[in-house]
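Could you have a look at this structure, given as structure tokens, before my questions?
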């Protein structure tokens, strides 16, 4: 029996209260709203730390705690409690969300200082934190679903924060709709689970897996994968993430790098019991991860927009995590580890990008940067630490987490292992290439600034969080993997079948990875550092570059396959409704009127014709009598 | 000779009266045709009275006459009123109901 | 007994003679009502039908009704009809062309069907049955017999009908009553109007109609010195009835001699 | 105590008071109308506290002979289903009165008449849900059309007369079919132990399957017109387009619920076998309604018509839940009726305020409202979120219950219907983007934000939407016994977890 706790709810309640207060108080809270929001987020973080300390003090089997708040839905056998579950997995997320979240709150105080709607921004941030916490703390798939859509809403609101620009408004709508397609997968999974297992709580489903047939589990698994694909911007629902960069940069850092987009990884690891029992679904997870990994990396090589390049990188890194999570019990912990380290370095880099934009009049085109190293030393250093981490240079964070993934991929066994290993290695190389490109274009070379640009270092409120995250990027990998601490921490949750194939020894994998990275960096140096960079993106580029700039034609494809036919269908149906269905209704009306009009001629007002009708009526009656008499 | 002959005559007179109501336009002629129909009915009543051998039929015929007289009085008054306002005694001109 | 019943049931030979002479005439007169153009002629034919019917009543042992028929119908009602006819315009003749499309065929078809069916049904209903005859009922005299019924069995309807009659009389008065909108002008007012109105043209009285050597009927307008007709010389109600002759026929120079030639 | 009669009498008394007021004193008329509706609400809530929620029998029953020679009674009584709908109606009416304070001004007739019509309508709304005599139900069912007809035709905008006539004739047509079926039931009952219109007595009649099918159709078509089910829906967009927002709220929020209410109370109870026979067809129609309504909503350029089409989609969900014959589907459908009342009310009222401020109902005429009228814009957004069934808001619980309940028995239908939630995102977000987001377009610069009265009017609706999203138990506890009772009466039980055949 799981221990009960009464304090988990505060994790969610604090930021939620912040959101409610700020939204309801309106302009009155403009002065202090951002401070309240930051404070509440921070206190939620401290509650998380407190919970972690409590957990440490318990033996590993008793670490999960739960809290039942109230009965949410109960109809027949469909009983859902508003219940929370805090275990080793969720506490990782809680700390990541609230920790990075607090840093980004602090950053935003300064970043959004000149925005008249800063208070609303903080309200949405708090709303997001609350929803995200609900997502990772919910004790059933339905509770998770609430958080799942809640973060979708918060993401929508924050992407569209500057929605007076039509393109940004469209981007937010696109994100919400594509997320909803994924959400549909989650609702299918919940429906199948309830219909076949009679429960949708994590514990209940885990217990019922044994008695459930594989096709059903495969079905649930695939539907969960669809949900993860939507939320984590995996192929083929990845198109929204690039556009989501329309939101303020802290949002990109928090939601579209560190937390929300990783919810898919959480969902898959959380549902490990289903995927472990459904190999087909697991294979699909790996395939999706591998495709996205390459997809994102390729897009990243062509983007001139610094945020979009980072977004493509995020997509690719999440591809790594998904791939790893698809590799079964051996992979879950490494997926989570990469998720955590990625949370640090990618958030740090996004904040760095924000800092650069802050100093450059919100210019996002890297071709107009250059030589910012001198103007923004702190930003350069923090961004650089993140850069080293994502490349996987030892001893920075990425080295530990990414190498583990590559290693696990190679060890997956058979041709699958070899293919995956090569893909992950290739991905690492491409990552090195495009990240080096970003570094070179932004911080080195000659200035290609606009006339008005006056690059300057950001205020301390902005660089402090960046520094903290940079430290995290530098050290988190070591901290999490020394003594296999994270793996051991999470191991009670995952059924581990310790079967190491060991295709390649770890040291060789690391060496290979470093070689790939070195190649990537070298190519980037050759290509961008040796010659002048055009301030305007060259047009006469190869077809591959052009396709990569177009996000590998995904938008075109979606447009051609779904949007245009959808619009045509809508137009046709609107017309059909008016002409055929309503037309039929109106035709009945017209027919009645026409009948009436033609019969009206009989009522011509002439007494004599009425008399004639009476005469005919009398005749008819007599005929009737005659017939009867016959 | 059969008493039924009177009934045949009555039926024919009635029919002629009915046709007259339909065919003629002069309100006074129409009225006379109505009178013809009433009279035809009266003839039937009288004949029935004879066939049945009691006087009830004759009494009814008598009543019919009184009612017919009433009707003529009122009807002609209406015709006069209409004539006064429309300067016409044609029933076709009194077709306001159409609109 | 049967013999007797048969005998009284049969129309006696004189009655048959009467019927077979009078009935066709009645039918012809009734048909004539429909076919003649002038309402007055219709009225005359109607009177004939009614008298014929009265004779039939008497022949069928209903002398009281026969007399009443002559007195009330031919006397009072037909008089009323003629009176109204005079009021409305005795000369105006109906056009017999039908103006409502399709009405005449419908009427004739319906009438033929109706009449035919009535006759056919009557023949079925009475075939083989013989009449009882009212001789027995009339033993105390026809008038007494009717009075007996009228004041016993039918006393209530009788009273109701009498109320109806009075109501009808009142109704006719109300309907025919001309509601005066303005006050009736006095002689004094009329004189003032005649002289003080905008023109003195009528001060000497309206011109008399038809003061003309050729024609002096009231429906011919007088001619003014320039030879044009004087509209004021014709009575307004004649004009309204459309009974005014065109005076141009009588103008000098274009004298219509057709009237002379007829003579 | 005769609670239900009392409930029905209070608005009539209010009508009487309004009738003796002078026509010119419009403020007093409005205040009395509001007071009356609030008294009704308070009385309803007082009654609701006395409701025994685990008792599946009818409660607060009353029965008086009305036309003895035909066995017609004035019989009232409610179960959980009716109670929920009555509570919904009595909350919505004061909201509508307060929200549409200036609505009757543009009407053909006086302000006084407007409120008389609203109050009369309220009486009938209570009566139609409470009647347990078929004849009484029918009379109120048809009589309800009259005030709505005048409300649309007299106080609406645009093609109001045409829309009112279309609404009236369409509904009357359905009502006529139902009348025929009711008379047939009466005749059948007379051959089986006494002619009656009593619902309970009629539900046990023996009928041949053909008879039952025909009579079922007579009822069902009437209700399908009311609860607009594809393809009998075309009156709704026109009516909603022309009616005032307040009227639209009552029309879609309450009157259309009579359709879905009738399906449960009359179609299922009176004709259990026929209901089973027709379930496949009805489910397909419901699924078509869901997707069709959503797609057409996406294609609309007019705000009011858009909301009307979203309702068609939502009614598809309700119908699907009813005929899924599971307790989740049934409870979900009933809860959906309640929630839909409020989310549609919010959309229509706020949409109506937007339209009356802008003087146009074309979505493209708006733009950037979020910065000019933030409160109004965010309220509209919240209402829209409720309409697309965002978790945490009330509609989600009901929509998900319907889907889950349908899935356990008819997985294919549920899966297809689920695509509606993606379409829902589109049909809400497209108008949100066009009207609230983007740059401020000319003509919108000087729109005013919600005033205090409007905020007060919309606040309870929003509160219900949010609170019931997180805590629907109070309602579900009332609904569940009634819903499972109906399911059990039909001889259904929830499918057991299948384990996928392992």
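Remarks
Just so it is clear, A, B, C and D label the chains in written order, and each chain counts residues from 1 on its own.
Criterion: a contact is a pair of C-beta atoms (placed from the backbone, for glycine too) under 8 Å apart; a residue touches a chain by one contact, two chains touch by 3 or more.
Values in this document were obtained by computation on a predicted structure and should not be read as measured data.
Looking at B-C alongside A-C, one finds more C-beta pairs in contact between the chains of B-C. Every chain gets a centre from its CA atoms, and the centre nearest the mean of all protein CA atoms is that of D. A straight line joining the Cα centres of chain B and chain C is 12 Å long.
In terms of their C-alpha centroids, the spacing between chain B and chain D amounts to 62 Å.
Rounded to whole angstrom units, the spacing between the C-alpha centres of chain A and chain C is 101.
Spacing of chain A relative to chain D, judged by their CA centroids, is 37 angstrom. In chain D, no position touches at least two other chains.
Multi-chain contact residues, meaning those touching two or more other chains, occur in chain B at positions 18-19, 22-23, 25, 92. Touching of two or more other chains is recorded for residues 100, 103, 106-107, 111, 114, 118 of chain C. Across the assembly, chains come into contact as A-B, A-C, A-D, B-C.
The touching residues of chain B, counted against chain C in their complex, run 1-9, 11-20, 22-26, 28-29, 31-33, 35-36, 39, 42-43, 46-47, 49-56, 58-59, 61-63, 65-74, 76-81, 83-84, 87, 89, 92. Taken together, the chain A residues at the contact with chain C in this complex read 604, 606, 608-609, 612, 615-616, 618-619, 622-623, 625-626, 629. Note for the complex: chain C touches chain B at residues 9-13, 15-16, 19-20, 23, 26-27, 30-31, 33-34, 39, 42-43, 46, 49-50, 53, 56-57, 60-62, 64-65, 68-69, 72-73, 76-77, 80-81, 84-85, 87-89, 92, 94, 98-100, 103-104, 106-108, 111, 114-115, 118-119, 122-123, 126, 129, 131-134, 136-138, 142, 145-146, 148-150, 153-154, 157-158, 161-162, 164-165, 167-169, 171-173, 175-176, 178, 240-242.
Per the touch definition, chain C reaches chain A in the complex via residues 100, 103, 106-107, 110-111, 113-114, 117-118, 120-121, 124. The touching residues of chain D, when paired with chain A in their complex, are 166, 169-170, 231, 233-235, 292, 295-296, 298-300, 326-328, 331-332, 368, 370-371, 375, 378, 385, 390-392, 396-397, 400-401, 403-405, 407-408, 411, 414-415, 418-419, 421-422, 425-426, 429-430, 432-433, 436-440, 470-473, 476, 480, 483-484, 494-502.
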